[in-house]
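There are two complexes below, and they share chain A, which is joined by chain B in the first and by chain C in the second.
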Partner chain A sequence: MNAAVPAALLSRRSLIRAAGLAGAAALIPLTGCTAAGGPRNGITTLRFMQNKPEVVAYFNQVIKDFEALNPDIHVVQDFNEGNFVPSLVRNDPPDVVTRGFATETAEFVRKGIFADLSDLPVAKTVDPKFQDLVNSWGQYKGHETSALPFSVAAAGVIYNRDLFAAHGVAVPTTWDAFVAACETFKAAGITPIYGTFKDAWTLRQGAFDYVTGGMLDVGAFFKDLMAKGARISQQAPESFSNHYASSLPKILQLASFSQNGAASKNYADGNAAFAKGQAAMYLQGPWALSQLVQANQDIQLGTFPLPVTNNPEETKVRVNVDMALSITRNTPNRAAAERFLNYLLEPSVVNTYNEKNAAFSPLINAPADSNPHLSGVAAHVGEGRYYQGAGTYFPPSIPMNNYIQSFIYNKNGEQFLSTVDAEWRRVAERTAV
Partner chain B sequence: MTASNTLPDAGNAGPAGTAPSQPGKPRPPRFRRTSREGYRINWWLTALMLVASLTILVPLYFTVAMALKSPDQIGTGTGLAWPNPLNWENFAKAYVATNFPKAFLSTALVTIFSVLGALASSSLVAYAIARNWNRRFFRGSFVYLLSAMFIPFPVIILPLIKQTALLGLDNPAGVAFLHILGGISFNTLLYIAFVRAIPVELEESARMDGATTWQVFFKIILPLLAPMNATVGIFAFLGSWNDFLLPQMIIADPALQTLPVVQMLFQGEFNTDYSLAFASYLMAMAPTLVVYILAQRWVLSGVMRGAVK
Partner chain C sequence: MTITSRAARTAPPSQHAPRPSTAKATRSGSRIDPTYYWMILPVLALFAFFISLPALVGVFFSLTNYAGYGDWKFIGLMNYVNIFKDPAVLQSYVFTFVFALTTTVVVNVVSLAIALGLNAKIKWRTGIRTVFFIPMVLSALIVSFVFNYLFSNTLPVLAERYGMTPLATSILANENLAWIAIVVVTVWQAAPGATIIYLAGLQSVPSEVYEAADLDGAGTWRQFTSLTLPLILGYLVINVILGFKGFLGTYEIIVGLTGGGPGMATQSVAMRIFSGFTGGDYAYQMANAVIYFLITLLISVIQLRIIQRRGVSL
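Right after this comes the complex of A and B.
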């Protein structure tokens, strides 16, 4: 061992020295880069943070086109949404932000993170009924427009057109017809609905949101609930126990049409199995379509809104604002950010995006959606017959997905609702201002 | 050759089995082979190790197979099948999509500085503490350093973001700095145990020859710490190369982001591009694999040296 020391010493020292030199040399460009930021050579650099990594390529093209038209602006795209809160902490948020619009983003709106966009001319081109989806989460100071919708996703029941045709089943428009369709498939030995209960969010997004949204006025319910604040109790007329009990049997009935062993299947399993035609229906939103088509290019798919009552006029579809555009309030590049946002909301940009991504454009006079996968829900979206899923109203501090999952397994509706009431009260009490 | 292998090897492979070796007869080489040091090979342990190695090899096989599949090959079969035809273009696509060279450079710089910093800072601290153990201040500072291990990282992440932003460290340099800082308590713990085992007499003789404290450290202690340097270096390398949370939170400029964060590109909320993701993971893993294979001997020898002392 002692003999080995000098040799080891020599090689290690030269190694470290070499590495140190290389590192020091390499650090020079690194520090050069970190000095970036602020207008340089008359070019304003905008940071654009968007929330969907899968559409980075599309926005790269959009940015390229925008920069060609606006040579004085350089846009940097950032899809690392996890850096949004840190950027607020370091008081250096991105200039233009897209976010999925639900509880968490509403929280930022309430704190006044985003600038008021109501004066922008482009705000007038957004269909008011879609703008209401954003505004329903609360407006800063009661009147500001903190975000403009960019993409609206409509989720219903994805169905396999070939299986429906082969068994002579028409798209159901009433609950009874839907149950009859499920029985038909069951009798033919085909799984009516592919269940992926292992991923609890699919139960929340599917059975829970669809049934409650189709039966109740979810938006009004949560408005009352939030107005009540910390004073909510299980006995209060606004409680979950008072409103949701009627919807629970149908949620359980939906779950019972799933295949055996649904408890051990997750979302990815579900996509793979449904793409192979192992079930007739699938309670998923348009985000699953690209995965299904990727796994089986020949599959013929359609989507219809789940009819939860026996009156077809009452059938509604679940929507969510998948992307909403905002400008952060304290950005030093407000003018440039507004120009970029205007460009993003040009019909050619926003309509093309939504057509490509199986979503709906929020603009007035947007062309009718021709995507055959979405044909069954397009009319409902156009007529404004939709709701935002009840599950999206819960703050992350209430593990709603897990409560719904355990309700599906133990079928104890009373316990489920009283738990949700207690959880809602707990959070309301702690966050009351 | 070693003494135990003196019998002529006639080349006739004996019958398989556990027949005891008979003197005078040529041994079946496959079952009585001895290593250079004269150890017998323990076949039961070897079999156990082979089974254990599957825990690494099977996931690695999946990674490679997935990286070479096209999207429609992914959904079919059990997933165990080797893809045919092979889709090498996944690597090219992932390379372009992640802007691989830039992200790789950023990650490499963070890692190099983290490793060098961890080695330099922790070994110095450990030497100072171990050789001044009789002083209250040094014992106290050891406890102080150790107590940092009990602070869960998520608790301090927001203050850290604020501090790094104020100090202009919201970039890869800040991440490297925090890696060094974060590792200092554990690495010092490792070093101190090792430094204590080095006889003080070695240093005393160097001092007799007129060496200063720095010379003693660099010429006597640091070379003797070699096995522990390798261990700490490998821990620092792996921790820094694979770190996701810190770069995600600290690095403000997306152009300087590190590989693990950039690779998030392939995982949407509802969509995962498995083939590109795995191709990209494989490219990111390559340096780790190479370093691990090269440095493995040092780690093992370090463990054994520490054990004998």
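Right after this comes the complex of A and C.
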């Protein structure tokens, strides 16, 4: 509209010329980018993009050590993961990438963004059961290895050891024992579980993922669902309505053990309150541990996997591949990138990282995790009794966090599941074409 | 800018004879100083390059299944068809329009009241005026984070102490009430701007008309409805139109207060569109953006008509 007034005054030809110039100007930066890469003065510069801004210092040290051993390679660290998609659009992606492995990364794998790493000798040092966590999301061309796990995080119920001891509660191994423990704390006037419903992701990560993962075979469910594609109806046996209905009452029961006013507390409030001992349990992953210890040096913490059934043998823990290493397919520095990746997967680098960051090393024969905060879940991780959270399977275009939050507030499970079914089908329809 | 030039160009035909001839003279071109073109050209080029061109690229991609990266192909109008079948998107439209209408009404009532007060001969008028305009210079995001804290922590504690149980849980956590909190904060932020316009309007009303009305025995309320309101009607129209247009694009206050929650209760259209950039739903939300653009364009045209009929020029 604004352009209409002056346009009448300008001749049409000059307008076209102006548009042509503008178009040419737009192309200049694009061609400039592709010229980058390749060795200069015999030194190859690698761009390394990692997804955790809080561990920049660790990787700076790793890079320094690596460069001392490999004087012909210079590595630049970029911890702004938001640059990754724009770099793909410009066709100038970083050479080595770490990403959390879930739906979004799986989508990159499907589009063939990453190189095949299956021939690298270092790939044989990764425990196959952890490699399966990555492969379960689908492999490019059905057989390629697009990413090698670097760090596996296990999330369960964080509990206050002092409060458990003071009230004579043992770590529960069955659902009934867990409910009884919650009732004990409630009777003693202590909030059983600190709820932070205001941050909807905490509900998805906690109550929703723990209960569904603990009682259902989530991985197989999503495999069937994705195989069905857009041809999925609410009545189909593969639907959410059919599969998840049994888990919903337990999710609501978990939520009901939270303090009054949980709806107006967020993750930061939760960390502060739990560190002060205002609740016995907290449904959070290892990322909260350092925050809790920071807020209260003396707090005695432990983690146990939420028992959702009454058979202790069936109890599983939620894991996620927090960091997985990849090399982008189009990198001009493939050889250098492989050398750097080999170095990152050396036991001294990968095991030290996981030891420091309350996570599990994916290497075969990695030393047992000695972190007292994680002793309750270490056995489950070691034996492969784990699942990847159901919430991580949803594409970001489905606002799953909000739907779960809505369900916790209205308690209308039927509506919740039919909404998710319909939303899943719509997204499948429009991404399938 | 557009509206001025539009109004200026469309106004003459409705006037009497001499005007069209002068318009014709300027249009012949020979007398126009080329400097004017040089003043317009840079803006035109920037506008075309940074707004029109990207918008056209967006329209183009709304006809594809582009995820923001990787391969894509044309899918015709499928995205548009799917938008109309998506209850989450339709809900965001309902929310946005209800919100914009309510906020427009409340902002204008509140700011007119404030303007009347600030225009009266009260003590410390300049100081009080300054205080009232402070919300305007604060960033909306910061304001909403502060209010978020007040609604979530301070208000429930106060309500509990004084026994007002309905307010004892945060209204931001209530799916049916959260939008009211957003209206309150938006009004708090937007009222000063509207008040300035009303103050300018009130100061343009000559005091003689009130003196005459006093002599005729008109009361305060009668003076307001029969004199003040008609005389500042142009300012009211401007406030309503600018306000409504602005509130349709509401984004940062919602991000700071509820993030679109609880559940899906406060998702505005702008938030849904923006989610396409992170969610791999780029083309789909582009189609949404095109539809929203057409709707706001239609509303703008209607409003422009109303302005012209009222003889107001911005």
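List of remarks:
Heads up, the rule we're going with is that the second predicted complex is superposed on the first by the 394 of 433 C-alpha atoms of A that agree within 3 Å, B and C clash if a C-alpha of one lies under 4 Å from a C-alpha of the other, contacts with A are read in each partner's own complex, and residues count from 1 in each chain.
Just so it is clear, a residue touches a chain if its C-beta (ideal position, glycine included) is under 8 Å from a C-beta of that chain, and two chains touch if they have at least 3 such contacts.
These figures come from a predicted structure and were not determined experimentally.
Touch criterion not met for A:Lys141: it reaches neither chain B nor chain C.
In the superposition on chain A, A:Glu54 makes contact with chain B only, not with chain C. In the superposed model, A:Glu429 lies in contact with chain C only, and not with chain B.
In the superposed model, A:Ala200 lies in contact with chain C only, and not with chain B. Residue contacts after overlaying the shared chain place A:Ala263 against chain C, while chain B stays out of touching range.
In the overlay built on the shared chain, the residue A:Val76 is in contact with chain B alone; chain C does not reach it. By the touch criterion defined above, A:Val89 reaches both chain B and chain C.
By the touch criterion stated above, A:Gln297 is placed in contact with chain B alone, chain C being left untouched.
Chain A residues 1, 5-6, 9, 19, 22, 26, 89 lie at the interface with chain B in one structure and with chain C in the other.
Contacts from chain A toward chain B in the complex involve residues 1, 5-6, 8-9, 12, 16, 19-20, 22-23, 26-27, 30-31, 33-34, 36-37, 47, 52-54, 56-57, 76-80, 82-83, 86-87, 89-92, 267-268, 271-272, 275-276, 285, 287-288, 290-291, 294-297.
Residue ranges on chain B touching chain A, taken from their complex, read 71-72, 74-75, 97, 105-106, 109, 112-113, 116, 158, 161-162, 164-165, 168, 170-173, 219, 222-224, 226, 229, 248-257, 261, 264-273, 305. For chain A in complex with chain C, the residues that touch the partner chain are 1-3, 5-6, 9-10, 18-19, 22, 25-26, 85, 88-89, 104, 107, 111, 113, 197-198, 200, 260-261, 263-266, 395-397, 399, 402-403, 405-406, 409-410, 422-423, 426-427, 429-431, 433. Across the complex, chain A is touched by residues 1-2, 5-6, 9, 37, 40, 44-45, 47-49, 52-53, 65, 67-71, 75, 78-79, 82, 85-88, 151-153, 156, 168-170, 172-175, 259-265, 267, 275-276, 278-281, 284, 297 of chain C.
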